Structure formats: structure tokens, C-alpha cells
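Listed next: structures, encoded as C-alpha cells.
Across the two complexes that follow, chain A remains constant while its partner is chain B and subsequently chain C.
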Partner chain A sequence: MKLRKYFALTRAGIIESLHFKLGMFVMVIGNLLYLILVYFLWRSIYASAGGGSVNGMTFTDTLIYLVLATALFNFMEMYTVWEIGRNIQSGKIVLDLLKPMSYRRYLFWSYSGGFVTQFFATFLPTFIAVTVLTHGAVPLGINLLWFALSVVLAVMINYSIDFIVGTICLFTESIWGINIMKQVIVLLLSGATIPLAFFPDSLRKIVDCLPFQSIYNAPLTILLQADPTPAEVLPTVAVQLLWAVGLTVVSSLFWKCSLRQITVNGG
Partner chain B sequence: MKRKGFRFYLRIYFKILAQDLKSKMSYRADFIISTVGMIFTNIAGFVSFWIMFRNFPSISGYSYHEMLFLYGFSLLSVTPTQCMLDNNWNLRQQVYSGDFIKYCFRPINLFFYYESEIFDAKGLGQLAFGIGTLVYAWAKLGLAVTPLAVLKLLVFLAGASFVMAALQTAAAASCFWIENSFYVLDLAFRFRDYAKYPITIFSPVFRFIFTYIIPIAFIAYYPGMMVLRPSEVSLLSWLSPLIGAVFFYLAYRFWMYGASKFNSTGS
Partner chain C sequence: MDEIIRINHITKEFRVPDRHEGLRGSIRDLFSRSYHTVHAVDDISISIAQGEIVGYLGPNGAGKSTTIKMMAGVLEPTSGEILVNGCVPYKNRTRNAQNIGVVFGQRSQLWWALPLVESFRLLKDIYQITDAQYDEMLALYRSLVDIEPLLHKPVRQMSLGQRTLSDILAAFLHDPKIVFLDEPTIGLDVSMKAKIRTLIHELNRRKNTTVILTTHDMGDVDALCRRIVIIDKGKMLYDNDIEHLKKFFGAYRTLKLRVKGDLSEQAKRIAAELPECSVSANENWISVLVNEDKQKVISVLSQLQKSYDIRDMQLEEISSEDVIKRIYEGGVV
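Our next item is the complex of A and B:
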């Protein structure tokens, strides 16, 4: 029954986000507009290039890749850096530290309700929309299972990176600047803005050595493969697993060392 | 009450500005990190632009340098909003907490006083980046540098900057009616990324929407064409400064109307 305390937090998160229905609605509209832009932009890009495939990606592939990258972004964005930063500034962090659960876990599980609502409010509608729009070009087979596994690992990596960056806020007292830098680097180097297949080779080599490509590029590449054999997928997932474990350890240690630094103004 | 003149407001603006800069300087680290973050955002935008054009030489008849021109134009066009209307981001919290009431008791224009309180200096980094991009594209395109062309650029740039200001002001004002209006503002903020593409990539329906309903085509495309391709501009390009001013006036009235509906939560 150890998990019960975690799911209690998940439930509270779901109820909290359902409270803001209108905000959800606007977000869905926003994503729809983005989808439209991406569709027309890349359609005209491919039309100018004379159609066909560029760097091994057809128009449909690119569309699915980019649209689902945005859906994944909305799904995974937990505003961790903001949350930690604000908790430090307001002093609320003191109360959170007293909770009978490590802060890293508490923060994750108190957001986890957002995963559930985001999945149904943005990811699933986008997934269905893109499947219909591309006339079923998304392969629906064993790759979906691998994709789900890959997304779980991606969430872990993303959270660890966020948590490391949030910890930096303990030292800098700057939230906006730190967060925007992180966001920009992650979105560009993970392939969420432009598929990594389009990157020049030298840049690609560097990006492959970094953890960011495991967040968006890895799950999306897996999704676009029809009926992959385990041998095709395992290397990607193994790299993800390595990063997930490595970054989890690093972020926990970094937080523990930094906690001595905390100064809270007032209470 | 006697109407106060332009010079009065200008004098007040600089007085408030000086106070704001003083308070910013006491958080120097935050200021520097935020500025670096802003520069990061611009560099990443440029890099993704560059990667895209490495693979595709043109987008629906627009060359790399022409697109770069529109990109620089859109950056400059949104800079006044970034620098001078940044307090719109805080409106939601201030209305929610009731702190907004303090602005209502001043014998000067409410909108002016509210927005003048914060000047976002990190937008100046974007200004520099935009000028650099525009000058580079201008030189590479071999456009003539005549007094008329420069004058045209300045006039149409000024007109275009009203459009983003209008969108952001209207979006911020939604907080007078909607709880958790963050997503509305965030959506308006994301429009600036869509502004740099030529409207011709869209289908007629969306051309209509992005021209008359959500006027993002007036942020860069229509006014930019006046300088970029003066021989093939449409009437809408000529009218763009007027349209920008009208949109901004409507957004301003909307904001003021919202403010007049404001009921303090008390304290």
C-alpha cells in the first residue's frame, strides 16, 4: 500500500486542473492553431522542394513528428523550475521539506495529476487529429507499446533535467532567465522544433551525445517505425534508460548538496 | 478633470522608468541572467531558421534572405510590446490579489500608469538582434538604401508594432473576466513566432483568419513587403499602420472597460 500516498497526490492534481476548464479550452485552441501553422508551413516547404522525401523524411513523417512533439511537450511540461523557484521565493519550500516524503518525489507526484488530464485534453486529441489528417499514416502496432515505454523514460529524463535546473535557482534567485535558457536548449537540441534528421552532420554528432534527444527524438522516431523488431528499438531505449538513471542520481545528489544553501526570507 | 498633455506624460514616464531601473539594479544577477536568456532565445530561433534553410533553399517563392528580412522585421515589431507592456503579465495576479486597486486612485490614465511601472530592459537585446538581422538581410538582398526606403521602414515598423501590442493587451485584459487567464496570454505570446512567415503559405480560409480576425499577418508580412518588394504590394500593406492603430485602440478600450468592471477582492 506504499503507492497510496502517491496516488492521493495524483488525484488532488486531477481535481485541481479540472477546476480551470476554460484555461484548458484555450490551450486546446492554441494547439490547434499551432497545428495549422505547422501543417501549412511544412506543406509549402515541401512543395518548394518539389515533394518527395528530404533527409529520409516525407512531408507526412515531418508533420507527425512535429505535431506530436508539441503534444508531448504539453504533456511533459511540469513547470518544475517555476514551482521550485516560486516556493523558494515565497518560503513555502520550508513546509514542503517537512513533509514525510523527499521533496523530489513530492513535487513529481503532486504534479502527476496533470499527466492524466493533459493526456486526455491535449495528447489524445492531437494524436487522433494527426492520424485522421494524414489518413492513418501513423503505424498502429507494436511500436505503440515501445513508444509508451519510451515516453515514460522521457518523462523521467525531462523531470531530472528540470529538477537540476530548479536547484540552480537556489543559488541564482533568477527564475525567468534560467527557465527560458533551459527551455530553449531542450526544445532545439531534442528535435522538438526541427526534426534531428535535418541537422547538419557535425551538429547531429554533438546532439547525439547529449541527453536532450532522448526526450523527444527517441520516442517519436520509435513511433514512426512500423513493426519494429526489438533489435531496432532496444539501443534507443537503452540509451534513454542510461540517461534516466544517471540524471536521477545526479539530480538527487545535487539537491542534497544544495539544500544547505537555502536561505528563506521570512515565513 | 483637466486632460493632461503629452509632455506631462512623457515626463512622468521617465520618472517612473528611473525608479524601475533602480529596483532592477538591486537584483543585478537576475537581470544579467534574464538578458542572457533572451539572447539565447534569439540565437536558438536563428539556428533553427538556418537549419531549415540548409535543407530547403526557398519557401513558396521567398528566398533565405527575404525570409530573414521578415524575421528581423517581426523581431523589431514585437520589441515595443516586450519592453513597454511587460506588466500585462502581472495583471492577472494583481487583479486576483486585489493589489490592482492601487492603480485606480491615481489622477493619470490608468492604462498608462499601469504599463509604465515596468520597463523590460532585456527586450533591448532583442532589439539589437533584430536590427542586426534586418541590416544583414537588407545588405545581402541588395535593396537600395534611400532616405525614402528608411523612412518607409520606420513608419511601417511603428504601425506594425501596434498589432502585437493590441493582441497582448486584449489577451491580458481577459483576466478581468476569466480565472486563470494565463493560457490566453501565453497563446497571444506564441503568435509572435507565427508572424515571421509569409501569409501566402496558408490556404485562403486561414489567410482570411490571420488577416482580419487574428491579425498576425500585420506584424511582419504586410508592412514588411513595403520595403521588401515595393513593386507588388497590396492595398493592405499601405493600410497596415492604420489597421495597427485601430486594433490597438480597440484593445485599449477593451482593457479600460475591463478595468472599470474591476471589483476589489478587499483585503
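Our next item is the complex of A and C:
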């Protein structure tokens, strides 16, 4: 009964996103164009590097990594910051705050329907295509289960970061700059645009101490590992879990404190 | 009757940053940190009983929405205390939410792309309404309005009237103890307004729901509210029966005249002749508001008919609209 109200939101989200057929179509096309760009960019990088492997990754490795990262991005990006910002500016946030559940949960579950549709519309097709085209370069085994767990944690971390940034919008009342900055930082430092293996050592050390690499790098590394033993995977997952719990607490507290400051204009 | 809302001497202050004009001013604002305080709500006390419909009136920017947001728990008062259904709303916002329903005339809580019935199902799960309760409510709705054509229509395809109607139904769905209606009839046509008034009235009667209604349409007030509260500039001006208000202003009558010549020109002349009265004109009538304590209508009429060619006349009791206009414009209370 308790979970039912959340799943009801998921269900509505699925129905809602299925209504926008054209939007989904455009997303798939845009996704494809981006992948073509990535392909040619990295092909020329590898060509100029004299072929073979760069930083321990072959061209195929890099490409698989980046394609899956893009698919993962499409699936995980919830545009939470935009949504919070828009709701604040339009004043709709008042209505959301008056639902009998916390705003943080309400927003998350409202968008969870998007996860489901995006998973089937972009992630799964991309994953299957990559698996088929590379003739088994992606191992299919126990790693998939670990990957699933890792993605769940990644979603939690990603949402918490988004929610913190969204909360900042309460104070600035503007969205654009903050959101773009967040997107660039997250995508770069999480290894979604460039595999972390390409980072210089000193930068890599810093990145490892930040939560961002737990969003994309961690699940993708697990996915591309053939038959990992628990001992190999557990440290990565444990770090993710730590960040997930920590950031959830921080973002909830930050929101609670900030809400007292809220001044919803007009209406 | 049971008291459902108690407000004791609440105030709400906002700190608004001072803005300077022009490019230079904007640059200065980047560095300056001066604020001034706005008293949105200033020492208001109200007690509302279960099942009442209260008209909450005031000119734009009077602090109505701020008060409602405090009662709903979205804003915290600067001082004073509020109890809604026995608990402090801003401290128990999610619990309070279960007991209240809200309609803001200009925005919708419904899911834009979904048919109305999906929004209802969603609200049913969010508010954890039991199947029996939900079915009973829908049956009630069916008996009051023709909702069948609306149920399967996506909200974004609805007309404003249909959407407002749907929003009101959605706000009552979980059978809350209190419903706040913020300008529910804004922008609607006459027949839709009537429909919505009947609906609110019936829901209030059947479910004994307390309704707090803000509006600028005196038709709403006359049709629904026994009691009205008027505030302006954050201060309470009036809190009593609407009948009492009319009695209070009973000495006022409106004399409507049609005279020869251009009405607005003539109205200006009449205004100059009758400094005690307030005179206005539209394309059909010149209206003269007369305070009978000071000057009898008959004497005004006889004075006017000496110098004007009066074609037609009517005498009206003061409408609540006029009363409220006079209160807003300051003066009498």
C-alpha cells in the first residue's frame, strides 16, 4: 500500500511519455547522430595516435564504452534541475509541495516513468546493437546483475546531485547557467564524455575522490568486466553505496533548510 | 460548530532586495546588499468553523494568497500562530496536505497529457483513497455535473472552464476537510461560472467541507458566502456576515439616470454639482451613489431635474460590489 502511491506516479509517467511519440523519435535520431560523431572523432584520434591501444584501451573498447555511456546518459538524465527551476519560476511548485509526500520523493517518482520508457527506447536497443555488432565484446554473465545494482545506485547519486543543484535554484531563481555548469562537470568528471582511463594521473586521483565517477564510470567498468568475482566488484559498489547514502542525506537536509527560505512570488 | 482553522495574530514579512533602475543601477545591485521589508500580512486573526464557506476578499496584492499559503503550510508566518485541523501547517506540511485541497485558478494540478480519469486514479493512489470512497465520490460527481465527456479527455485539450471544473473535482476527491479556492472563476463565461458555483455549493453541503474562497467576482460571493473577510495591505478590514455588511452600508443607494446629451459629459457636470456623491457613467446610465444620511435621494433627484432633461431613472440598493469597492477605496470602515 505504501509503495503503491509511488508506482502510481511511475505508471502515469510511462503513459505520459508514450504520448509524445515524436519526441521519442527525435531523441533516438539525435542519439544516433551523436554516436556517429563520436565514432569519427575517436577514429581520427586513434589514427593520429598510430593505432593499437591508447591508455590500455583499443579503439573498439573506447567506442563500446562511449556508446554505452551515451545510452546510460539518455536513460539516467532526468532534467530534474530544469524541472525544479521551471516549477519555481512558474510557481507550480506550490501545488507539488501540497501533495502528501515529500517533494524530493514526489519529483523522483514523477520522473521514474521516464526511466522505464528510456530504458526500453534507448538503452536496451543500443546495448543489443553493440553486443551484436561487436560479436561478444560485451560479456554476458554475472556482470549484468552487478551492473543492474550499480545502475540503481548511480541513479540515486545522480538524482541527489541534481536535487542539490536544483535546490540552489531556490536562491538564485535562475536555472540556465547553473544547470549547464552542472551538466558539463558531471559529464566530464564522471567519464561519460571521455573514458577516465584517458585522464592524467593527477586528475584521475582527484576524480576518484569525487562522487561523479560513481555515476557512469563505475557501472560501465563493471559491465565491461567478464565474469567478475565479488571481490573485484564489491569495492566499486561499496563506494557507490557510500556516496548514494551520503548524498541522499545531504540533499534532503539541504532541501529542508532551503525550503524555509522559499518565497514563492505572486500567485 | 467545530473550529477547523484558528489564526492568531499572524504576520508575514518578506525581505525584498532593493533594485535600482537602468544599467548603472543594475551593476550597483550586483554589489549592494540593501533590503527593505514588506509586510505582506500584518496581524490577522480569524477563526473558521467546519463547513463554513468564507469569502476572502481584497484588492490585488492585499496578502490573500500569502495567507492561504500559510494556512496550506507552504509559507511559515513571521510571527503568530496558525492551527489547521489541530496541527501547525508548516511544521506538518505533508500531514496537513492530506486534509486540504487547493485550486489555484491560473494553474492546474492535473497531469497535462493524461485523460482526466488517469489524474483521478493517480490522486487516488497518492492520497490513498479507498476504492469505496473513490467510487462514492465519483458517483456524487456524476450526480452533480456531467463528467462523462470530461473523464476521457486529455487535460491539455480542455477548455479553461472544463479544466477549472476538473481541478475543483480533483481538489475535493480525497474528501479533504478544507478546500482553498483561489480565484476559481477567473476568465470563465457566465454559464460556466454558474455551474461552478452550484458545484462548490453542493460539495460544501454534502461533504460539509470548509471552503475558503478568494475571488474578485462579487457574483461568487453573493452566490456562495455567508461570511466574508476583507483584507487590504495585509491588514484585516472586515470579518462578518455579508448581510451585516449591507446593513452597515444600507444608507447608500444608487440612483441611475439617463439624461439628454452625452452621458459622460453630463456625468462630469453632475459630479461638480454634487460633491457629496460619487458619480460614474457607462454607455447606458449615469450612476450616482447617494448617502441618505447626508442627502435624500428625492432631493438629489429634484435638484437634478431642474437643470437636466431626465429620460429615465432607476433606484438600486447598494450591491456588495459597491460596498467592497468603497471599503477598498478606503474610507468608511
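Here, the second predicted complex is superposed on the first by the 267 of 267 C-alpha atoms of A that agree within 3 Å, B and C clash if a C-alpha of one lies under 4 Å from a C-alpha of the other, contacts with A are read in each partner's own complex, and residues count from 1 in each chain.
As a convention for this text, a residue touches a chain if its C-beta (ideal position, glycine included) is under 8 Å from a C-beta of that chain, and two chains touch if they have at least 3 such contacts.
Keep in mind it's a predicted model, so treat the numbers as computed, not measured.
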Is A:Pro235 touching the first partner chain B, the second partner chain C, both, or neither of them? neither
Is A:Met27 touching anything from chain B or chain C once the two structures are fitted on A? First, second, both or neither. first
May I ask you to decide whether A:Ser174 touches chain B, chain C, both, or neither, giving the answer as first, second, both or neither? first
Is A:Leu188 touching the first partner chain B, the second partner chain C, both, or neither of them? first
In the superposed arrangement, does A:Arg260 touch chain B (first), chain C (second), both or neither? second
Now for A:Gly52: first (chain B), second (chain C), both, or neither, which partner does it touch? neither
Pick one for A:Gly136: touches chain B only (first), chain C only (second), both, or neither. neither
Does chain C touch more residues of chain A than chain B does, or is it the other way round? B
Give me the intersection of chain A's contacts with chain B and its contacts with chain C, in residue numbers. 20
Provide the residue numbers of chain A that touch chain C in the complex, in ascending order. 1, 4-5, 7-9, 11-12, 15-16, 19-20, 90-92, 94-95, 97-102, 260, 262-264, 266-267
As the complex stands, chain B meets chain A at residues 27, 29-30, 32-38, 40-41, 44, 47-48, 51-52, 54-61, 178-184, 186-187, 190, 194, 197, 200-203, 206, 214
Chain C residues touching chain A - in the complex, by the definition given at the top: 14, 65, 69, 72-76, 93-95, 97-98, 100, 102, 104, 106-107, 109, 111-114, 118, 121-122, 124-128, 154, 182
What residues on chain A touch chain B, complex-wise? 20, 22-24, 26-27, 29-30, 33-34, 36-37, 40-41, 43-45, 47-49, 54-55, 172-174, 176-181, 184-185, 187-188, 193-194, 198-200, 203
